[in-house]
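Okay, got some structures for you below.
Next, two complexes with chain A in common: one pairs it with chain B, the other with chain C.
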Partner chain A sequence: MDTLTIAATGRTPGVAFDFPAGQLRLTGESYPDDVATFFGPIFTALRDYLAVPGHTPIRFDMELLYFNSSSAKALMNIFQMLEAVAKAGRPVAVVWSHEEGDESMRELGEDFAEDLRHVAFSLREVPIGGIG
Partner chain B sequence: MSFNLFAAEEQAVEQARALGERLKEVAPDCVAGFEALIESFQRSIREQRRLLRVSDRLQAQLGTANQELERRRREAETALVELREAQRAMLQAEKLASLGALVAGVAHEINTPVGIAVSCASHLADATGRLKTMSESGGISRGDFARYLATAADTSDLILANCERAAQLIAGFKQVAVDRASSERRRINLGAYIHETLVSLQPKLRPAGHGVSVSCPAELELDSYPGALSQILSNLVMNALTHAFAEGQPGGMAIDAAPVGGDMVRLIFRDDGRGMTDEHRNRVFEPFFTTRRGQGGSGLGLHIVHNLVVGVLKGSITVDSAPDRGTAFTLLFPRCTPDDPAPPAEAPVNPPA
Partner chain C sequence: MLAQQYAAIKRDLDGKGIIFSFSGYLSEGILYSLGEALREKMTMEEADGPTVRRVFSVFVEQMQNIIRYSAEKVTGTSSRSVELSAGMVTIGMERGKVFIVCGNTVLNADVPRLKERLDHLRGLDREGIKSYYREQLREEPEDGSRGATIGLIEIARRASEPIDYDFDPMDGERSFFCLKVRI
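Let's look at the complex of A and B:
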């Protein structure tokens, strides 16, 4: 599988995983009716991708504006998977976007970065309405 | 000491660490696995903390969204109240404006006979003054006297006729104006009433040379609300003048009234003007629909007409029109307006089965 692209809907995020380029991106809002159904295939694809050793740097763009608790847990799991490959030596960057003035989203990003030791984590402030 | 939501979990970790120390002595091969267990327990606590933050954030957002919703709801309600008030005020203004037009029409119409009467009276006064001077100087000839008599007869005839005309106009206007203002019910002769209403519109009709033909059986009587009827007719005529006819071109209008089946009257108002498209025709009775926004159109004229026909005359109104084919409004209403239905009685009790 080269890429995984899922268009955003009102309740589910847009997914743009370009595996050969190492560019992974989640955008929009995430509060799916059924987290397992939505995130299941994403996890499978990501796990398969990360299982194959490679040296291409990986960049994960977290551009969700709004997500529920289950999606938050899914994000933490993804971060954990990325942390594992980073620990094994692959360069991995996570960029956490938040809208200008959205302090609580920025703080959440810092909280989520707490367990990332080998991943290069950064925050990115974007103008309101500038994500997507 | 500050309050710690996760005190119990942290205490459990401490205990596990102590247990790990003892494990080093009794089961050293289990230590690595046990430490991994502690590590994953700690991570799970950190995740739990984050999840609490996420869920607190969501709750806060929900609260803000609800407040916002409530604020918007209140705003919308206020806007609705203001809109209703503005609509009421506009309807009132429209009513007053047409009453004002009526009064202007009255003044204009009466001006003519009164003006003639005044100039005849002054002519008569002059002639009388001259005769008086002659009589004082003792020199009235037979011819002078005969001329004076002729003048006096002519002018007094004119004065009388014009004063009668003025009195007649005033009587008609008075009735129309009172009806318009009072919304009282009474018996009227439809044909005569249509004519009285048209007289008040003469100043608008005459200069442009517009004509209104009326066809109505002489004996057709109504027991209804003449004020509403006169307002309806004048709105329809005024609309034809503003919308149907090109500037400076005389147009034709016709009012046809006839009884239908004994109890009802059909009244058709027609103009031979430019008509309208289907799209406009479908919307003419909508409040505020106007093709003359910013040029004196309020879009309330036909809305008021519709409300008066349906609400006051208890009838119906339809419109028929096509571009360049003129426009016809057809009103169908009872000759004797039924009383408003009594407020609904209490729901009947179910009869025993």
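Let's look at the complex of A and C:
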């Protein structure tokens, strides 16, 4: 699979995974009525992609404006997959964007970053209206 | 008579500072619609984005707790997995703060475990809640919980005061559970 593109809806994020370029991006908001159904295909595509050894650096842009606690678990799952390939030697960067003044989202970024040893994690503050 | 009865209910709600109130069967669809109305109302009142999202976050977690754990629910047949769960949700303003109260029926057998979780959360300070969240984020969900613990932590984290809860026994099997969160 070369790309995984899912258009955002009112309650599910926009997904733009360009696998050959190593560019992965989540945008919008995430509080699906059924988290497993929404994230299932995303996990599968990502797992298949990461299973093939490669040297292309991976960059994951986390640009969600809001996510609920069940989505948090799903995101953690994605981060753990990325950490595993980073540990095996592939360069992986995660850029966690949050709006200016959104302390909750910044703090969540720190919560997720806590376990990342091999992934290069950075927080990016963007002006209001700059993401989502 | 009709208008009088309902006007009395409305006055009572207005008097308590209640902006929205819904009682009956809740579903993910209702969560979405009420959530949109809540955000529009707050945005009209010029609340900033992070504040709106903090209130919205508590609202979503509270609603999903009812939808998933209400002891009074109707589940759709195999092809359509609709869950209609009885409960109530009330959003209002009190001393300049938004509050959300949710209520639903729970089984008495589940009360001790729920109480234990809520008391544990009430006993934690901001830092304690934060590290509890981090810990739970990495845990596999307990059987049958569908992520209830992290949902409650998320609620406690966005609240500006310790969460309030209460149980009202209904009969030998069930109690009415109420959770009040000030944001």
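The working rule: the second predicted complex is superposed on the first by the 131 of 132 C-alpha atoms of A that agree within 3 Å, B and C clash if a C-alpha of one lies under 4 Å from a C-alpha of the other, contacts with A are read in each partner's own complex, and residues count from 1 in each chain.
To be clear about the criterion, a contact is a pair of C-beta atoms (placed from the backbone, for glycine too) under 8 Å apart; a residue touches a chain by one contact, two chains touch by 3 or more.
Please read all numbers here as calculations on a predicted model, not as lab measurements.
Participant: Clash or fit: what happens to chain B and chain C when chain A is overlaid?
Facilitator: Aligned through their shared chain, the two binders clash on chain A.
Participant: Between chain B and chain C, which one contacts more residues of chain A in the superposed model?
Facilitator: C
Participant: Which partner chains sit in contact with A:D48 here, chain B, chain C, both or neither? Use first/second/both/neither.
Facilitator: After superposing on A, A:D48 lies clear of both chain B and chain C.
Participant: Touching A:D34, do we find chain B (first), chain C (second), both, or neither?
Facilitator: So A:D34 only meets chain C here.
Participant: May I ask you to decide whether A:E125 touches chain B, chain C, both, or neither, giving the answer as first, second, both or neither?
Facilitator: neither
Participant: Check the residue A:M76 against both partner chains and state whether it touches chain B (first), chain C (second), both, or neither.
Facilitator: After superposing on A, A:M76 lies in contact with both chain B and chain C.
Participant: According to the stated criteria, A:D115 is in contact with first (chain B), second (chain C), both, or neither; which is it?
Facilitator: In the superposition, A:D115 contacts both chain B and chain C.
Participant: Pick the chain C stretch that clashes with chain B in the superposition, from 1-9, 109-117 or 127-135.
Facilitator: Stretch clashing with the third chain: 127-135.
Participant: Common interface residues of chain A with chain B and chain C?
Facilitator: 66, 68-69, 72-73, 76, 104-105, 107, 111-112, 114-115
Participant: Would you mind writing out the residues of chain C in touch with chain A in their complex?
Facilitator: Touching chain A from chain C are residues 28-29, 31-32, 36, 48-50, 53-54, 56-57, 60-61, 64, 81, 130, 133-134, 137-138, 141, 146-147, 150-151, 153-154, 157-158.
Participant: Which stretch or stretches of chain A touch chain B in the complex?
Facilitator: Answer in residue numbers: 66-69, 72-73, 76, 104-105, 107-108, 111-112, 114-115.
Participant: Can you list the residues on chain B that touch chain A in the complex?
Facilitator: Residue positions touching the partner: 43, 46-47, 49-51, 53-55, 57-58, 60-61.
Participant: How about chain A: which of its residues touch chain C in the complex?
Facilitator: The touching residues are 10-11, 31, 33-34, 65-66, 68-70, 72-73, 76, 99, 101-105, 107, 111-112, 114-115, 128.
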